[in-house]
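By written order: A, B, C and D. Residues from 1 in each chain.
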Amino acid sequence: MSADTTRKLFLSDNAASVHPKLWEAMRAADEPDSPYDGDAVSQRLDAAFADLFGRECRVLWVATGTAANCLALSAMVPPHGGVVCHREAHIEMDEGGAPGFYLHGAKLMLAGGESAKLTPDTIRAVIDPIRDDVHQVQPHAISITQASEYGCSYNPSEIAAIAALAKERGLGLHMDGARFANACAFLGGSASDAAGEVDALSFGFVKNGGMSAEAIVFFDQGLADVALYRRKRAGHLQSKGRYLAAQILAMLGDDLWLHNARSANAAAQEIASVAQGRLMHPVEANEIFLRCTPEEREALRKQGFDFYDWGDDAARLVTAWNTPQEHASALANAIAGL
Amino acid sequence: MSADTTRKLFLSDNAASVHPKLWEAMRAADEPDSPYDGDAVSQRLDAAFADLFGRECRVLWVATGTAANCLALSAMVPPHGGVVCHREAHIEMDEGGAPGFYLHGAKLMLAGGESAKLTPDTIRAVIDPIRDDVHQVQPHAISITQASEYGCSYNPSEIAAIAALAKERGLGLHMDGARFANACAFLGGSASDAAGEVDALSFGFVKNGGMSAEAIVFFDQGLADVALYRRKRAGHLQSKGRYLAAQILAMLGDDLWLHNARSANAAAQEIASVAQGRLMHPVEANEIFLRCTPEEREALRKQGFDFYDWGDDAARLVTAWNTPQEHASALANAIAGL
Amino acid sequence: MSADTTRKLFLSDNAASVHPKLWEAMRAADEPDSPYDGDAVSQRLDAAFADLFGRECRVLWVATGTAANCLALSAMVPPHGGVVCHREAHIEMDEGGAPGFYLHGAKLMLAGGESAKLTPDTIRAVIDPIRDDVHQVQPHAISITQASEYGCSYNPSEIAAIAALAKERGLGLHMDGARFANACAFLGGSASDAAGEVDALSFGFVKNGGMSAEAIVFFDQGLADVALYRRKRAGHLQSKGRYLAAQILAMLGDDLWLHNARSANAAAQEIASVAQGRLMHPVEANEIFLRCTPEEREALRKQGFDFYDWGDDAARLVTAWNTPQEHASALANAIAGL
Amino acid sequence: MSADTTRKLFLSDNAASVHPKLWEAMRAADEPDSPYDGDAVSQRLDAAFADLFGRECRVLWVATGTAANCLALSAMVPPHGGVVCHREAHIEMDEGGAPGFYLHGAKLMLAGGESAKLTPDTIRAVIDPIRDDVHQVQPHAISITQASEYGCSYNPSEIAAIAALAKERGLGLHMDGARFANACAFLGGSASDAAGEVDALSFGFVKNGGMSAEAIVFFDQGLADVALYRRKRAGHLQSKGRYLAAQILAMLGDDLWLHNARSANAAAQEIASVAQGRLMHPVEANEIFLRCTPEEREALRKQGFDFYDWGDDAARLVTAWNTPQEHASALANAIAGL
């Protein structure tokens, strides 16, 4: 794809530009400081997230969501264990087998659920039939995605129900928050509510205006002790980590993360508002899965909109922190006119 | 460590500031483009390095040297195999067991050699006694470091001798080039000469004015086919990879990489020139290992110099691309005055 | 379970007694010989299986079917790859995650198919949607089970169709033959026909009157070169391997393996013949999956028959090489009388 | 090697014949029973070893010493950790990289010590220089070999000193007891004294008259919970495990294990008694490392003795449970006559 700036892009949020405040923050971190995560910026992360979530936590930066998810899970699950996740989960579908690598062959146990959201029932349907013997892999953790792979958000009571099941069965609980900000914005803005009682959260920034930094937030701090070693062992401990920490702190400052997400969500809502009959899933973040024919997609593309096909009969439209208001309005109009 | 700008820093090159041209290049890449490595900048890497080395190659960016080394080796060595490296090699001493992770338990086979450089003899001393049976791990590759962990450079004939041995024994040959630029500058400036006939090179930029990008250069292109999958699987395929590619291309442009390395090397030479009697190793890059007593180190620190102890009786002094000329001169004077 | 010899056992073939000829053969091997697989008995395996299959092969003994399956696959599939198997396959359901261990996190890709048998269509349904990019695990092999987990046998044309697909897609083909003998007996007795053009076969003996020996038969001999190292690395190279080789050769001698399997199959057929309306799957080996109520199962158990429940509404009945004729007849009568 | 019964074999104890009582015990176990380790014989192991050691333990059978060592260690050491062992340890030298496999890339940390025995000092020399940071692999366990690879036994106070260090540093302690029986016989016969306060012991039987069974004895019972899953996952859970359990119980009955070891040791002592000036190591088990020239070795072989060269200037002579008295005497005479 050439960088055709005359096109109106709804391909993904994962390649959008970096927010100016992050550039500023990175430049401000450009003085020499201690390497790895010993620098002054990285040292501020734990406290900043503790403030945000209202509880103690330990935070590790990494460059990608795949690394965040897999490092978090690797601290929860032994090689002979398993992780329950949705069959459409990113860790199952789109991480190139990274969980198999980071978890040393542990098994992903695939469950169902509307709009790529697990429920206690769909989890139980997977784990209850597992015989408690050595011939079958035993579950050790559950991983949920907030917002889900279909752009739907778990509300606090849904998370609480899953957390209760996890606790009852002695399972760790991980949240893939590649679009945590969008979920949080949708749910009303409380990070604590949007995370619930998870043990570890992959808090994404790259899709929300970041360049190269995600945060793994460990509420179960013992997990962080393990993950620190695993991060280095995975080659994810950057020597100039201060540039990652600077991005993250800039995001937390003045709730930029939430502001960015609200912008993306608002654009998505504008589009969704004209497309109710076509929506495959509720729009609860910044993704729209739209039923439309190949001809309709062609028509939209001719009007300058770029997006991905989603199978034969649908399109995926993703808004970003910097989607121009006029692009969203134009797309809404175009859809209304199909 | 606070960012005490009144101190004169010889701690490491791995936390130095980012070169202004890289900031420019990253900003120039801040338009939306295809994610991962599908962007226009990333797509130019293969050709740029082919120009530099004068032979075909395929190039993958990653964020760290540890990832570069281990991904390269993971494409050469099966889980049941082994890699010959120096017993002081970074992959053995300082990567937190990353080779064990990336190579799925393959074995590092530790050899000796002056100044952390392998020779055909020290390699043979390790591999010749290995019985050719299933009870002993068999070597599949050799890894050398250019410049070595003690700041010494392999000259072309030394590399050629090792490459010949590798070929004779059917072993892959990898070069850890975390300070490849410094070695190349020392050897006269030909990237091709400084790399020799290796199959894969971890070409470092972070220690040479980069922010977060290293290049794995595969001269054996079949290895790249595997490494592409392994990079994603390791969570090292960043979605906004264009910022990494931009750093690298900026480094290659106008030979900035070589210019930076020459600056660092020159500073090191100035210091070394007054310290010949104290040098533990020849200074052939940007590191100086200096015999000195605790009292002498204390004296240097009192004069404002920061550096690491190297055991009880020595210090490691590292210059960087941006070590101020006056700092190097001051340190030379201080050492001369000990 | 106590060894209640008054019970009539249809629990499994995997705990049956060892055939007397195997005891004889092991005792005959009780003279000192070279350790591992250097002994005279082990050295005869390749030729014995080449005779049986009518083509060159290399053969490794191991103690369990799980080890046989996973070692064979580990030679075909890189850690970043995948294996297509049936969702009810033993490697997926009953090996405690051994494929994840032996294949270093490679992925099992679960396909459907009647009676736990794959077809080209069910395989394509899994692999065709996989995007050819690094974000998704790519398939490297197919594993089929002969006879299947529901006691059904692939006929030669079914295997040929799968082998053709494997070849077309560049995938390895493995056969889990834990009950290969029973399949072969059902199909008419030709080992070559029952194996077809697979690259590697786990040829089971333990369920067929063996004690502790299975054979991995590599028709693709390059795979054996790798598996030899992997076997040792997995702790499966026994120092007194001659006792395993002796079991296997005794099985091949006078077609004992086929004779035993025919006995087991005949018992199964006698039972099946009275139960046509209750059969969940065709009886094409030595397993019968019988629809029956809890009350009916209770009635059978009261008559002295032991077997496993299969969910709420069925039973699994397995015959063995030494199932007494009168036990099979008695069970047939009991079922007929339900 | 052909089974030349006219030769006098001192090659190894690992290929000797199986003791008659074990054959009897296996035949006695030839009735159907529950599969895996659910049978009556396997169920008696915990109590039998608790009696022997005078403390609670849990016991798993496996087929090989390599599997025993690596499963035990895999329960103690996370993938990012390390195991201190002697540089001549079997796990380092002769297990084909199995620790790398079973421990998922954890690192063997090689220490010195006379006669392949570790001491607190040699252990500290390895672990004390390890920086307590994420860049270096941290030790999690120590593995010692009883008797050592050079046939030397740790006495109780030596084990106690190492155990104290392990406890002080929070490290697990494993004992490779491939020749534990010989060490125990040498030390006076108390299994408890010969094991000391280790957390897990690989108790070898195969070299002592067994066929295919070793015991992993877990004194730290939590480790057994993990190892049970790992054994299955490694394909080492045999379905007819009762034949392994039967071998082990037969060994424990009437102290057959100790009786066999005493026979082997006595033969070794007879040989050693004439060779004091030639011994490379004290003979404290059933191995003799004898300085001798190639000509002397040739002379011995001409007299009918088979054994392995040990480098250019030595021979390794191993006695077994069934080494004929007259063979030992003949060898002693032959050595005396060199």
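Here, contacts are C-beta pairs under 8 Å (C-beta built on N, C-alpha and C of every residue); 3 or more make two chains touch, one makes a residue touch a chain.
Not measured: the values here are computed from a predicted model.
Chemist: Using the contact definition given at the top, which chains are in touch with both chain C and chain D?
Modeler: Neighbours common to chain C and chain D are A, B.
Chemist: Based on CA centres, what chain would you say lies at the far end from chain B?
Modeler: C
Chemist: Could you state the distance in Å from the CA-based centre of chain A to that of chain B?
Modeler: 33
Chemist: Where the centres are mean C-alpha positions, what is the separation of chain A from chain C, in Å?
Modeler: Centre-to-centre distance between chain A and chain C: 43 Å.
Chemist: Between chain A and chain D, what distance separates the C-alpha centroids? Give it in angstrom.
Modeler: Computed value for the inter-centroid distance: 50 Å.
Chemist: Would you please write down the residue numbers of chain C that are in contact with two or more other chains?
Modeler: 79-80, 95-97, 100-101, 104, 134-135, 229, 232-233, 237, in rising order.
Chemist: For a test of understanding, state which residues of chain B touch chain D in their complex under the given definition.
Modeler: Touching chain D from chain B are residues 79-80, 82, 93-97, 99-101, 103-107, 134-137.
Chemist: Give the list of chain A residues in touch with chain B in this complex.
Modeler: For chain A paired with chain B, touching residues are 1-3, 5, 9, 12, 14-18, 23, 27, 30-35, 38-40, 62-68, 70-71, 95-98, 100-102, 206-207, 211-212, 229, 232-240, 243-244.
Chemist: Considering the complex alone, what residue numbers of chain C touch chain B?
Modeler: Residues 78-80, 104, 134-135, 138, 226, 228-233, 237 of chain C touch chain B in their complex.
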